[in-house]
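Letters A, B, C and D name the chains as they come in the text, with residue numbers starting at 1 for each one.
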Amino acid sequence: MNKTIAFASEAVAGIGDGTTVMIGGFGGSGAPIELIHALIDAGPKNLTIINNNAGNGHVGLAALIEQGMVAKMICSFPRSADPKVFTDLYLAGKIELEIVPQGTLAERIRAGGAGIPAFYTPTSYGTELAEGKLVAEFEGRHYVQERWLKADFALIKAELGDPLGNLTYRMAARNFNPLMATAATRTVAQVTRIVAAGEIDPEQVVTPGIFVDGIVEVPDPEQEESLNREGAVYP
Amino acid sequence: MSAALDTLKLSSAQIAWRAAQDMEDGAYVNLGIGFPEMIAKFQPEGRDVVYHTENGVLGFGEAPAAGEEDWDLINAGKKAITLKPGAAFFHHADSFAMVRGGHLDLAVLGAYQVAENGDLANWSTGKGGVPAVGGAMDLVHGAKRVAVVTDHVTRKGEPKLLKRCALPLTGLGCVTRVYTSLAVIDVEDGRFVLREKLPQLSFEDLQSVTGAELKIHGDVADLAVPEL
Amino acid sequence: MNKTIAFASEAVAGIGDGTTVMIGGFGGSGAPIELIHALIDAGPKNLTIINNNAGNGHVGLAALIEQGMVAKMICSFPRSADPKVFTDLYLAGKIELEIVPQGTLAERIRAGGAGIPAFYTPTSYGTELAEGKLVAEFEGRHYVQERWLKADFALIKAELGDPLGNLTYRMAARNFNPLMATAATRTVAQVTRIVAAGEIDPEQVVTPGIFVDGIVEVPDPEQEESLNREGAVYP
Amino acid sequence: MSAALDTLKLSSAQIAWRAAQDMEDGAYVNLGIGFPEMIAKFQPEGRDVVYHTENGVLGFGEAPAAGEEDWDLINAGKKAITLKPGAAFFHHADSFAMVRGGHLDLAVLGAYQVAENGDLANWSTGKGGVPAVGGAMDLVHGAKRVAVVTDHVTRKGEPKLLKRCALPLTGLGCVTRVYTSLAVIDVEDGRFVLREKLPQLSFEDLQSVTGAELKIHGDVADLAVPEL
């Protein structure tokens, strides 16, 4: 079994117009910048993107949006130090936004991966984000029904990967990545280093390979925060 | 008829061998406790299969030698196992996320009864005693293919493939293929479709020990297995 | 912060009559035998026990049941190589049984720990184990509503523990232990070795200390399987 | 009145200092993005507090020196952090299981408005622009105590503590204590209960800049904070 993919361009080749894509990361940490840039190079349109944020500066997710490739964002916090790209398009009515509380976003993605079509959460009960949603009472408290969230593709960033697709992460770059890996029809991870099967201790695997379809080695991956401090623009 | 079937029919090992031939290269597979576990022994050469067990291991291998057991390393049947390179441990909720979330390619289970609509009964004989379900009701949902390995008839010679199950159900409409001691049968659109049968067995004889109509779509191949 | 407890007896001291206790383990792997035996020594009555199984032989959970301390078992599979203790009491109508599919049991415990009062699962739909439960249809398929499961106490087994309560596990002894740690009002872990804070790599913590109230060091813990092969009986 | 309050009132640092005094030894605490983050600076000597951040870190410490940042190690405000011994990483679902599951002892948040029934509005001004909620709606549920740090009035001098919030709600009945620039106020049984006020401020003056009735149960202590 060898899930290794040689080039990022090959990894994103199946992402056509209208695809729903989960992109890992929380702000810049854990954002698969090289996979996103490969996706920009590929150029599909009308994407629905699921990410906690809506990009920052002019690289990564912000650049994807800037290229006009994104029809809809599903996220919790589309503000950032420099959210100009998304803000302009949103205020011009050129991009759709579904705002989801962060914990609900995480749980909906987990539910998608775990075969749980719906669950109840106290989050957002009584607020405008619960409007139109089912409410139920359990043990004297009110909860909102939320649905699972799945995607056609997940593009994630990990630290080590083996040919079976087992993954580890690096510090807080873990965030949404292991969840998104489980909730997409096809999951591709960029990893800092590919190691032989067995080199990742079975106790330390965070994402078991069953959730992963492809891995691409990207040594020394770019950090969104550093790129933005340098004023980088992609492409 | 019953006596003739007994001499004709495949052994458990042969049923397991036949089921093993359908495991695809790169498949993630859960083999149910007991009889289905035997399938791993017949994994075809050159095909990589990753085995999942409900209690939190992916990528396990054969049993260790007697005396070499580590009782922290067991499968769902509580038998000692070993690890292959690239194995992973995880907790029970993640393990059943793999099952329920549709990440397994194949689950193979035993059966008391299978109905032509794909219903499966394999957890309770409906009599008294202590009920116990384990992971059976989870495993029938989520895997892309849910196959059954079973004798074609009960010890008393009664059909196990039926129009409707009489015993308590494990899952509705979940079985996609049945490997029996006499035939290989798919469940398609609520009907049993015969794919392979023992060459020595006439269609009529097979039908006579099957509790629901066997449809034929296209060729019926010979069910050919080695001596084991 | 130091969550270390010197003796197993002290760790179970708060478990009074009528308490609901989650006990980790799958069969013997991951079963906190020494904590269970300390609980037997303490002797509370009318316990409700949540475990995947119902004990094996005459040690650990089986011994707890044999002592007449358990009024109700919530489990998926109360059969084993030697389940005589539970079987006899059950057939005599002296112990209550709630049978839960294994994946549903795991998910209900996770839900208890994650503040999710209810969720939908395909498991058990159309079977007698779904009788009396709410059913809903999502995307053309039927699902059963299941409720969270919580406990007053969780007794679990881990491998390494630090004074903050961070835990690692050993191989398939992980099973229900990390889930139960999250779902009880008070969680106590027996660990093979207590190490200093910082000795467990933050990447390798499986149960973060926030879920753990106490840890007891039990070097060379007993294995239920080995005890039963020796014909051991407790007390 | 407004001018008098401006000279009297606590600085943000002083409000943060006061809130920090209530963090108990051994507490697990989430400090919201922005102003609440400042509370960590005033953690009392001798008390161990473990900080949680939504993006998957427990047990983090102060910001690193400029130039020492690792951008894989940030908090929910996307600021670089460091680790204390005994830290742990986990994914977002586990992180919010900690929040929603009631495992945090304390969450401290900012506020646009707080109502006497404990309702909180802190995520949307209700005007146009891009809506963004982040983890606020999750954090208001689950923590054993949900406290707010805020100026007592808006920049225009309007009360932020009200009978009912006018702005879009973050959560219903969730706030348990409010630390303002003038007072410490608990929410109990749907009413504001005054616990501490600046000694130089009369009860009547405090009430006049508060949009709901302040109840007094027992003593009202002096709100005493150091120069900072």
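The rule we apply is simple: a residue touches a chain if its C-beta (ideal position, glycine included) is under 8 Å from a C-beta of that chain, and two chains touch if they have at least 3 such contacts.
The model shown is predicted, which means the values in this text are computed figures rather than measured ones.
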Any idea whether A-B or A-D has more C-beta pairs in contact?
A-D
With centres defined as the mean C-alpha position, give me the chain A-chain C separation in Å.
34
Could you work out how far the Cα centre of chain B sits from that of chain C, in whole Å?
30
At least two other chains touched by the same residue of chain B: list those residues.
57, 89-90, 93, 96, 99-100, 141-142
Residues of chain A touching at least two other chains
107, 110, 114-116, 121-122, 169-171, 202-203
Assign the assembly's chain-to-chain touch graph to one of these shapes: line, ring, star, complete, other.
other
Between which chains does touch occur?
A-B, A-C, A-D, B-C, C-D
For chain A, which residues count as touching chain B in their complex?
1, 110, 112-116, 162-164, 166, 182, 196-198, 200, 202-203, 205, 208-211
State the interface residues of chain D toward chain C in the complex, per the touch definition above.
25-26, 28, 48, 50, 52, 57-59, 83, 85-90, 93-94, 96-104, 141-142
Please name which positions on chain A make contact with chain C in the complex.
107, 111, 114-122, 136, 138-139, 141, 143, 147, 168-171, 202-204
Residue numbers on chain A that touch chain D, as the complex places them
26-30, 52, 54, 76-81, 83, 86-87, 90-91, 97, 99-107, 109-110, 121-129, 169-179, 206, 223-226
Any idea which chain D residues touch chain A in the complex?
53-57, 69-74, 78, 89-93, 95-96, 99-100, 124, 128-138, 141-142, 168-172
